[in-house]
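The structures considered in this document are given below.
Next come two complexes built around chain A: one with chain B, the other with chain C.
Coming up: the complex of A and B.
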């Protein structure tokens, strides 16, 4: 083999490798373009409608801005310091937490029980499923007006019924008394959302292996034992999703409260969302309101992460 | 096949982009508007001056059909006086407190040429402070609007360097009462403090709710408190509070708050009112389940609508101060402003000239169902066709008192509404409530809120 032959074979190898690399790169590029073409539409929309506003919200919270002035004054953490000293904001925050607790109590277990009961129905399952889901298709504005009438102290059906059976002492001004206003609003909110959670539970229930129940029957387990030992553990994932959704929805709830009480009377149903809305749009304190929203956003994120962390740890 | 796919994806992308663009357009740009402007655009190309132009007005939602018809007549008259000008009237929430108006203007998308909004320096300043509306000083000078307005109305809006509004009407808030309910229980229209309190007690004893109020709407509980304040503390005291160095926790003002709490306790104002909306309260009053309601002349269209003109009338709560006469409270009820980004200020100017003209006053006051006291001087000599409006116009012949809600800064107003709700609901004590309002007013003052009056 002479030198010329070996050089030409080396060149050929090199060319071959080069074209192979080029081909691979082209393939990679093509793959990248394909991936991007799938991702970009969603990413662009997500950036425009979520990421940029979120980033802007955080940015505005460090300024003193009224929402329309051409210039903004940088004030650092001043808005956050003011919030920490704002009694109404802190009250609103505590109402939010109470709302979460009440929502969890009223929403999760009763909805699960309802889903189990519906899944046991032999005839007319679709009817019950559709019937119970119905409130979820109503707009929150409609739900708000409807429940305002239900809670009406003079003409509302609850008080009319209580008075008609001689329980006048139990007839309250449900949206006007500090002890009842938030629970009353949570009940209305539960009514509006339980259909959605019920459907999630029903879907989860369909995935449970029926042999487990048969085995439990053979072991002589009763319905309550089966519920706690089979149904609940098998629905762990659905439960996690539902609990996360209940927490998030409770913290960011706005429409129903705005329609039914606007945070009143006397701040008794003020939530962070209603408070920041008033601050931003009625008082032109946009930066201050944004700081309030950021605080609420952080709480929602912390809640969600902490809950998911706890869930994963307990599963492991 | 591949070409088809490419073509299909291209078409899909275009459709997505188009829907995105359409979705991002202003919600106010309804198809009707577009059509109008399209038509107008083609007209204006061939026409000169105002011919073919469209004046875009944004006014409050109509209370009912009666008011809708009134506006139609007014617009018709304007068109008759300005041939070739089209008027596009859009309705919406014009209260600054709800946040919708500032949001509409902040968006800057298709702003109207003129807006009729709920008045008061506490409201107008929210928009003027952030340059959402434009100063009208030059227009005032050019058109001599100062001399065409009732002096009381002009004084209220001209205390600052810039004037941002043209008053549309003067508010006359007082009590409206059901004549037949009074007659049925042998109650005469009270003219003194004792007679008034006796009437409240008699109504209560007879099982009729003496006063109804929709306290869930802050402005409505503000009306009632304003009427009580005028009667028990007097115009000068309220003036001192709003324009001078008066404090909300002044013993005289606290006394009025105590009176309100006392009336709730005695059942003169039902405690349930705290969750009642203004609409619910009005329904209660008009269906004669309550004897009195603090309201403005806005109620007149409802009276006409429900054929109750002969059974309802307005009455002033007698002054509780020896030798004084209480006036209706209010100030400017509704006022016209021009957005900074308005497209046609000239047309807005034309409209404003029409509003202060005799033509306008004549057409509206001749309507038996008209419900406002015009702010123009031209309206003074004209006798309104409607009886209730006639009484209200007579009541404000000597000027009017103040409805504090419209003169407060943003912090104080929110505190005012919430604390008055608290008083009616028994959720706070009078002194505590007034302290809270004063604390909020102090915040406004610290932010530079100060009212000046000519």
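Coming up: the complex of A and C.
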């Protein structure tokens, strides 16, 4: 009797526990479904248009495929080996590098100086900030078309102006001569992108402790000295962000070059992105082009990860 | 004391003058385009720096009707509005889940989305084209809208997660105590508080999709389907020497983004600084 009692109570306990576990599982399942309902649309869209294409990009690059043939031939690393031997691809890579260096020179310090000047204005700061940001609002198609007309050798305002003041010698075919084409493009791209960096600098400048400048004033430091020994070091984090963004955006450049030169003349302004586009969509070398784009993607991602690692370390 | 105030005033005036001249110099290309859009080709060639003799809108009318900017404008509007809707409807719940609902693997999943933020689109544009081809959506506005929304997701989810993270979790918990379901809480308690973030998201999405060039270039073939950016590009290819007409088309293309910028200037600047510093 006693024994029976205890077993039955034990059974009851077990049953209770079981139903509790079941209830918990039900709750868990319900929670999981709720969370999934929040995430699923994003997951689906992201998978179809980003994740799967990422895998496909790597997959294509190991095959030989023209984009139309029903079957693909596996060729291993052959596309990459060919790329390493492709003079135009290597040239495009070196142009990307040159583009990065020129952008850094034109973009970082001049924009910082501009931001410092704007931050010193007492009245009308918003006006200048808004005004100087204006070019960044325009689409790259607008910027590209606008600047190709500005650089036009015959009717463009630059050459018309140079000729009108008697400097015909300086009037060049800006987008048609190998030596000038990349700098001319980088100037147009700087014009289109500096606004974002200016805003970031302005935000960073707001956080600098004013007492530092007052102390420097007492020491009799001039504006240039103050710029290099207070402003620049205090803005280290902002500078890090800006420099990395300039580098990444330079590597990503496509639209302006495509609109203004299509990589010409004679590949002199070819970047990896324009070369890859041509190879895929006008030469039908789809898998080869994909290999080139994977190289570009890896460069950008490795750089981004390395930079974030460096930033986290230097900030802690 | 008086001389100090004076000195301060002169230095401010000098600063103003320098900045104003610089601003005029830097924005000159925009004014040049606007002024040239009212000129005939002859006028642009003969007197490039003077004001037009008469303010005639021929270039605009011709670009709009004969240059088919009417159609491009409509296509861009459809793609952009569709994209904004999809991005808002998809990125808000996802950002909310990452910010407020704790679940296993949340970080891993979030990093997976972040991966897309650093990836250059050029690296995957070729597979995207073939993906869309198998779906039968190449050369359709629907296709461009879907791809644009998908590519906008990483940044959008990131932005919305940051927005929702700043809203105290207690709000959600007390709503749950009152018996509100998770969606109900999200929709009627949390989302209204995230309005500034949502506005920033919509503006960014508008700018990105309206101004995009690469996706329409790769995904659209038929000129009837062209967006305003792609239309402007092909227009300048056809009208190489017709400067006045090209500038008319260029100015038409600028107007929407400039209007949105002027209207939402504030959220623009704030959204951008937040996005880069977080």
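Following the convention adopted for this analysis, the second predicted complex is superposed on the first by the 249 of 316 C-alpha atoms of A that agree within 3 Å, B and C clash if a C-alpha of one lies under 4 Å from a C-alpha of the other, contacts with A are read in each partner's own complex, and residues count from 1 in each chain.
The rule is short, and it goes like this: a contact is a pair of C-beta atoms (placed from the backbone, for glycine too) under 8 Å apart; a residue touches a chain by one contact, two chains touch by 3 or more.
Because the structure is predicted, anything quoted here is derived from the model rather than measured.
Contact with both chain B and chain C is seen for A:67 once the two complexes are overlaid on the shared chain. In the superposition on chain A, A:38 contacts chain C only, with no contact to chain B. By the touch criterion defined above, A:153 reaches chain B but does not reach chain C.
Residue contacts after overlaying the shared chain place A:97 against neither chain B nor chain C. Once chain A of one complex is fitted onto chain A of the other, the partner contacts of A:170 are absent, as it touches neither chain B nor chain C. After overlaying the two complexes on the shared chain, residue contacts for A:29 are found with neither chain B nor chain C.
Of the two partner chains placed by superposition, A:84 touches none, neither chain B nor chain C.
Judged by the number of chain A residues each one touches, C leads among chain B and chain C.
With both structures placed on the common chain, the touch criterion links A:280 to chain B and to chain C. Of the residues of chain A, those at positions 41, 67, 148, 152, 277, 280-281 touch chain B in one of the two structures and chain C in the other. Taken in their complex, chain B has these residues touching chain A: 16, 96-100, 102-103, 105-106, 126, 129-132, 215-216, 218, 271-272, 274-275, 277, 280, 410-411, 414, 417-419, 421-422, 424-425, 427-428.
Here chain A touches chain B in the complex through residues 41, 66-69, 148, 151-154, 173-178, 261-268, 277-278, 280-285, going by the rule given at the top.
Listed in rising order, the residues of chain A touching chain C in the complex are 31-32, 34-35, 37-39, 41-43, 45-46, 48-54, 56-57, 60, 67, 114, 117-118, 120-124, 128-135, 137-142, 144-150, 152, 155, 157, 160-161, 191, 196, 199-200, 203, 241, 245, 248, 251-252, 254-255, 258-259, 272-273, 276-277, 280-281, 286, 289-290, 293-294, 296-297, 300-301, 304-305. Those residues of chain C that touch chain A in the complex are listed here as 12, 15-16, 18-19, 22-23, 26-27, 29-30, 32-33, 44-45, 48-49, 86, 89-91, 93-94, 96-97, 101, 103, 109, 112-113, 115-116, 118-131, 146-147, 149-151, 153-154, 157, 181-183, 186, 207, 210-214, 217-218, 228-230, 232-233, 236, 241, 243, 246-247, 249-250, 253-254, 257-258, 261, 265, 268-269, 272-273, 276-277.
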